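Per-chain numbering from 1; labels A, B, C and D assigned in written order.
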Amino acid sequence: MTAELVRVDNVSKVYYQAGLLRQRARSMVAVRNVSFSIAANTVLGLVGESGCGKSTLARAVAWLDPPTSGRVVVSGIDPGLRERSQMALFRRTVQIVFQDPYSSLNPRQCIGESVAEGLRNQGVPRDRRRREVARLLDMVGISPNRASERPHRFSGGQRQRIVIARALAVQPRFLILDEPVSSLDVSIQAQIVNLLVDLKRELSLTYLFISHDLNLIAYLSDEIAVMRDGTIIEQAPAEQLIAAPVHQYTRALFADAPVLPEPRSRSS
Amino acid sequence: MTRRTEIFVRFFLVVSVVYLGALVVVAIAAPHIAPADPRMQNIPARFTPPGTDGFLLGSDEFGRDVLSRLLFGARSALLVGGVAVALALGIGMVVGLTAGLAGKVVDSALMLIMDAVLSFPTVLLAITVVSVFGYGLPQVMTAIGVIFSPLFARIIRTETLTLKQEPFVLSARALGTPLWRIITVHLVPNMLPKIVAQCTVTVALALVVEASLSFLGVGAQPPTPSWGLMLRNARNYLFDAPWLALYPGLAIGLTVFCCNLLGDLLGELLQRDQ
Amino acid sequence: MKTTLSLALAVCTLVAAAPAFGAGGREAASAQPATLQFALSGNPNTLDPHATAGTLTFQVLRSVYDTLVEPDESGRIVPALAESWGVSADGLHWTFHLRSGVQFHNGDEFTSKDVVATFARLRDPGRASTHAAEFAAVTAVEALDRYTVQFSLERPHAPLLSALASGWSAILPQRLIANGHDFGGSPVGTGPFVFEQWMRDNRITLSRNERYWIEGQPAVARVNFNIITEVAVQVQGLLTGDLHIIDMVGPTDIARIERNPATRLDTGLSSLVMVMAINTRRPPLSDVRIRRALNHAVDKQTILDVAYAGGRPIGTFMDAGDPFALDLAHLHPHDPERARALIREAGGVNRVLDLVLPQNFEPHVRAGEMYQQMLAQAGIEAQIRLVDWSTWLSDVYGAANFDLTVIGHTGKLDPDGRFSLFETDRNYVGWSHPEIPRLLQAARLESEFAGRREYFAEIQRLLAEEVPFVFVGTNYRFIAMRETIHGFHMDGKLDTYDLRRVRFR
Amino acid sequence: MRGDERTSHRAVIGLILRRLGRLVLTVMLISTVVFLTVRVIPGDPARTIAGMDAGEPAVESLRIRLGLDRPLWRQYLGWLWDTLRFDFGTSFFSQEPVLRLILDRFPLTALLAVASFLLSLLVAIPIGVIAAVKRWTVWDGLGLMFAQVGMAIPSFWLAILLLMLFSVRLGLLPLFGADSVAHWILPVVTLATERAAVLVRFVRASMVEELEKEYVLAADARGLPHLRVRFSHALRNALMPVVTIAGIQFGYLLGGAVIVEQVFSLPGLGRLFLSAIVARDFPLIQGGVVFIAVVFSLSNCAADLVSAAVNPRLRVG
């Protein structure tokens, strides 16, 4: 196999519910000692029931909600070092796409601006930004003419395309996809998934694909990790895990598929 | 919502906007449209009833023209409302954003201070503040601004806490957008409807507090034409010159009425737009 | 909108109809009420005569306490708890012969030890009574026998008798002083009325002292001092008959009270000296020509009429009704032309003057607004600054942080009390004259009226020429009462009320 | 069941403890600020007591007696120590214990606040509910109009108008004094008008929100009697937030009382406090601040507890 791009080491995330005056701090461990690595140009599928800590892990890896302990290294960049240059580099390398396309775009910003945000942050001049936005929109199948429109004029699937374009603007190498299609209609889901597959190939991307949809995970992933109660209980190459799950829970999970009831909740 | 109520809402929206717009025009153009100098005393013409001797709304205890004082009073009112709310918004914005974005300890400390300000009756607090810095409109505006800042701070903090968890803000952070741009592009524009509605309501509150302070004699300084001060002086002549209490009272009431109405309707409309 | 309109209409009709009532009103239920309803213009700080300088306190305590001597209707000092007194030839020993058979409200008999204990309390440095300074010349107060007291002085001091007639010289019972009794909350004296209850900010109730030492006095069984701060409420209360005597009457209420057959207005000159004080330390106000210009710029009579509900103009620092007063008002008549000429001559006033007004005295604020306009007509620009009373006392009166300020100087039983302000220039206007200490000292040693009058006249002339104030006038004092009230008397100089002879008829 | 109860008891006690802790901090903060500010205000209590005629030596000895000659930090520590022992000192002016002065006036102001709060609820709940149920109709319009007009009338103006109409013109109610129920009517009405106006909007908004919830829609769909659903279920839930703001409302009433007490010559806390500020009666100002802040916080806390008791969902949090 090819070289390792992403390395997640013993990552834990603990939430404290401490007030100024509360005597005992109550803590809640959302993610416990999670480790995995992802090889370049592969997809790691992360599967688990809602509330098992998938999204928390996604945010921790993206360093949006930094982990309480543990390390994340992507392409040799460690954001935990708190170095300015490292952080900027990390932000260019790692991007994240969320589940809900409706709240993933600022309703008061036209989509062109949204897509250009990463470029603007890098100080790309205006005219090059515009060309770049057009290219990105075109790439995800949105007419560049509509760059000046506000998000409410687009459907859910179109918005998710725009969100993906926005993430790709900074030319990342690693994309965290947190249930990117689960709030879309089935027909649209397929389009977006195909888009993701195409993009991965064209841009040689690496994905952490989070979902509760086992079929989707099975279809996309090179390797699958199963998460439960904040820990990864089983991780193996896709075919192997589907064919011969070791863990009891995994077996149950795949036995019940595809009827995994999962409400559309953003928090986990 | 039926068509009739839609018309109803639009009608009142227009009414309040027209009134407040007219008020702004009057405030700016007061020197040109007022029939007399609002400070000019004319002792022999004291207590002229409305409509006589060229005093359209009568004259006060020094023979000053009530209409002119009322028109110039719009200046004080708008100045107080505008400055107080701008100040409250400014402080509330800084405190609210800081509390919402910084960690728990800072948040708790700031909100403790804001609660401390809120846990004291407005008028009493305003009087205390004004006693420290001296009587007068600038001091009153400052006091009101400071006292009402927790109202904004709380709204902005709550909005910040919600918005900063929104995916579009999270992905902006993932894109490396600097904090100031997150605040100006992603946070503030999206809390604007609530802030605007709160602004108009707070203008109304500020007017009432200013009038109350002036009524208690710690607000506007004579001979400043201020509606609250006019009411204070009028209470001594209720039986001989009732018009002195009537017009400024109506002016305050109408303005407060329209500000509140505007705030409510804006809130309603903006909510529906979302 | 409709609601607002109809509300506005209701307000209009209500307010417009307002002048119509009042004339009829409600008549007090019975023809001979047992309780005198008196309106007091504010809540006293305390009822301890040694703990305050507030007039309100003494307005109430006048009916609860007696003093050794008291002013009569003409202002002359006459016997009260002291039946007679004498002064030694050197003027250093005053002997008072006390009335016997007088009882305090708690039953104690009034004797010389009460007088000794009272003045020991008043002069106690630890108590820091605000009026202790008036007894600075006193070296000892001793009981010669049960009914004789002697005051010893270090130098002759003619104003002593006036001080003894003032409210703060009220005689308290020795036994309760020794007990540490709370006189501030429940006063006990020998006066015509017994203190019953003080509901703060609401009312003070007194009842008749059945054993009062003047036969047949007081006439009414009870007195309620109702604390009412709003002029309009006092006036309406009088017109409806809920109040019998009120001491606040606004300029526009005079006609209404006089018109009403059921009410009567008792008008007299107050003992106030209404002034606009000038800070003579600050240029250009240090120039006497500018100060004279200010005096010419002001129309005194109009100010008195509009701001103070009427009064008599004065030309020097003495109230118009005082027996020692000199009429010098003609020295500075209202003449804006002359004011402008004087200002030109002095080189002009090239800055905005700071006109400070005490916010809680509405007449002064009204007057201030008028001064501002009158000064503007003479070419002087003044900016009004309102301060509360505490700030006025410490910042303006104490620290002289002002250019001009409006105030009324309260009455003094003796002119010495007025003029001692100018003994040095460490007063708020920053003015004195080398002659004044000499004249004051001479007047203190002199006990004859005519002689003292000469000295005081000299001082008044100095003040009138140097004009450290704009002397405005002495306002009229209005007490309005129901037509049925008789025998009411006011001690003009002390601003207190004598209710002993008040009767309903 | 028993365990549940125990945890909920513990949660309530925890809530109380947290609120008390917050209260102490708030009060400390406010009173420290006030302690410093009143001493910064130009205005010397000794001068104010002594009056115009007193000489500087007399004022100075008064200053010593009042303890104002001591350095600021010693005054502060002394005051802090006294306050912690619930000793608020004595008033500079009346020389009576501050606590007694305050407790003398408090019943009147509290009664005024409670009575007007109850009256405002009595008026606001029906109007708010009708406006919500008949949303976007004439009834709703009238209800909102009441709210707008009520909030727009300055309370002192209303007070004067009421006084002129009922006490002067009609002679139905007394002009001054505070001894009988009749004295209370106008002040209570004045205060209640403004609060009711605010509450109407609140009740309406809360009720509208409740009526749009699924259970009401479901009940409607099941054909349950219209009114019963609205009043028994929706109303009870809609009033929950009203209880939570009751504490704040009470605090506002304390503040509003200042003006009403002034106009109606009522011997309440507001007037006491106002005169203390004007006279620079430091111990009384400080005591008053602490007292008002405590009452305000306690009433808020009580409101929280009541809503926690009514609404079990809040207990756990």
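Please note the rule applied: a residue touches a chain if its C-beta (ideal position, glycine included) is under 8 Å from a C-beta of that chain, and two chains touch if they have at least 3 such contacts.
Owing to the predicted nature of the structure, the values given are computational and were not obtained by experimental measurement.
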Inset, instruction - Quick one: name the chains whose C-beta contact count is the highest of any pair. - result: C-D
Inset, instruction - Quick one: point me to the chain whose Cα centre is farthest from that of subunit D. - result: A
Inset, instruction - Report the inter-chain centroid distance for subunit A and subunit D in whole angstrom, where each centroid is the mean of the CA atoms. - result: 51
Legend entry - Interchain centroid distance [CA atoms averaged], subunit C/subunit D, Å: 39
Inset, instruction - Would you mind pulling out the distance in Å between where the CA atoms of subunit B average out and where those of subunit D do? - result: 22
Inset, instruction - Could you grab the centroid distance between subunit B and subunit C? Build each centroid from C-alpha atoms only and quote it in angstrom. - result: 42
Legend entry - Overlap residues in subunit B, where contacts from two or more other chains coincide: 112, 131, 134, 235, 238, 245, 249, 253-254, 257
Inset, instruction - Please set out, as single numbers or ranges, the residues of subunit C touching at least two other chains. - result: 1, 4, 11, 15, 18, 22, 230, 360, 387-388
Inset, instruction - For subunit A, jot down the residues that touch at least 2 other chains. - result: 19
Legend entry - subunit B - residues contacting subunit D, complex: 1-2, 5, 8, 112-113, 115-116, 118-125, 127-128, 131-132, 134, 204, 208, 211-212, 215-216, 228, 231, 235, 238, 245, 249, 252-254, 256-257, 260-261, 264
Legend entry - Touching residues on subunit B, where the partner in the complex is subunit C: 12, 15, 39-41, 43, 46-47, 61-62, 131, 134-136, 217-218, 221-223, 235-243, 245-246, 249-250, 253-254, 257
Inset, instruction - Using the touch rule from the top, collect the residues of subunit D that touch subunit B in their complex. - result: 22, 25-26, 29-30, 34, 37-38, 40-43, 136-137, 141, 144, 148-149, 151-157, 160, 164, 201, 248, 251-252, 254-256, 258-259, 262, 270, 273-274, 277-278, 285, 289, 292-293, 296-297, 300
Legend entry - Of all residues in subunit D, those that touch subunit C in their complex: 41-45, 47-55, 57-59, 61-62, 64-65, 93-96, 101, 104-105, 142, 145-146, 149, 152, 161, 163-165, 167-169, 171, 174-178, 262-263, 265-268, 271-272, 275, 278-280
Inset, instruction - Mind listing the subunit B positions that touch subunit A in their complex? - result: 104-105, 108-109, 112, 166-178, 181, 185-186, 189-190, 274
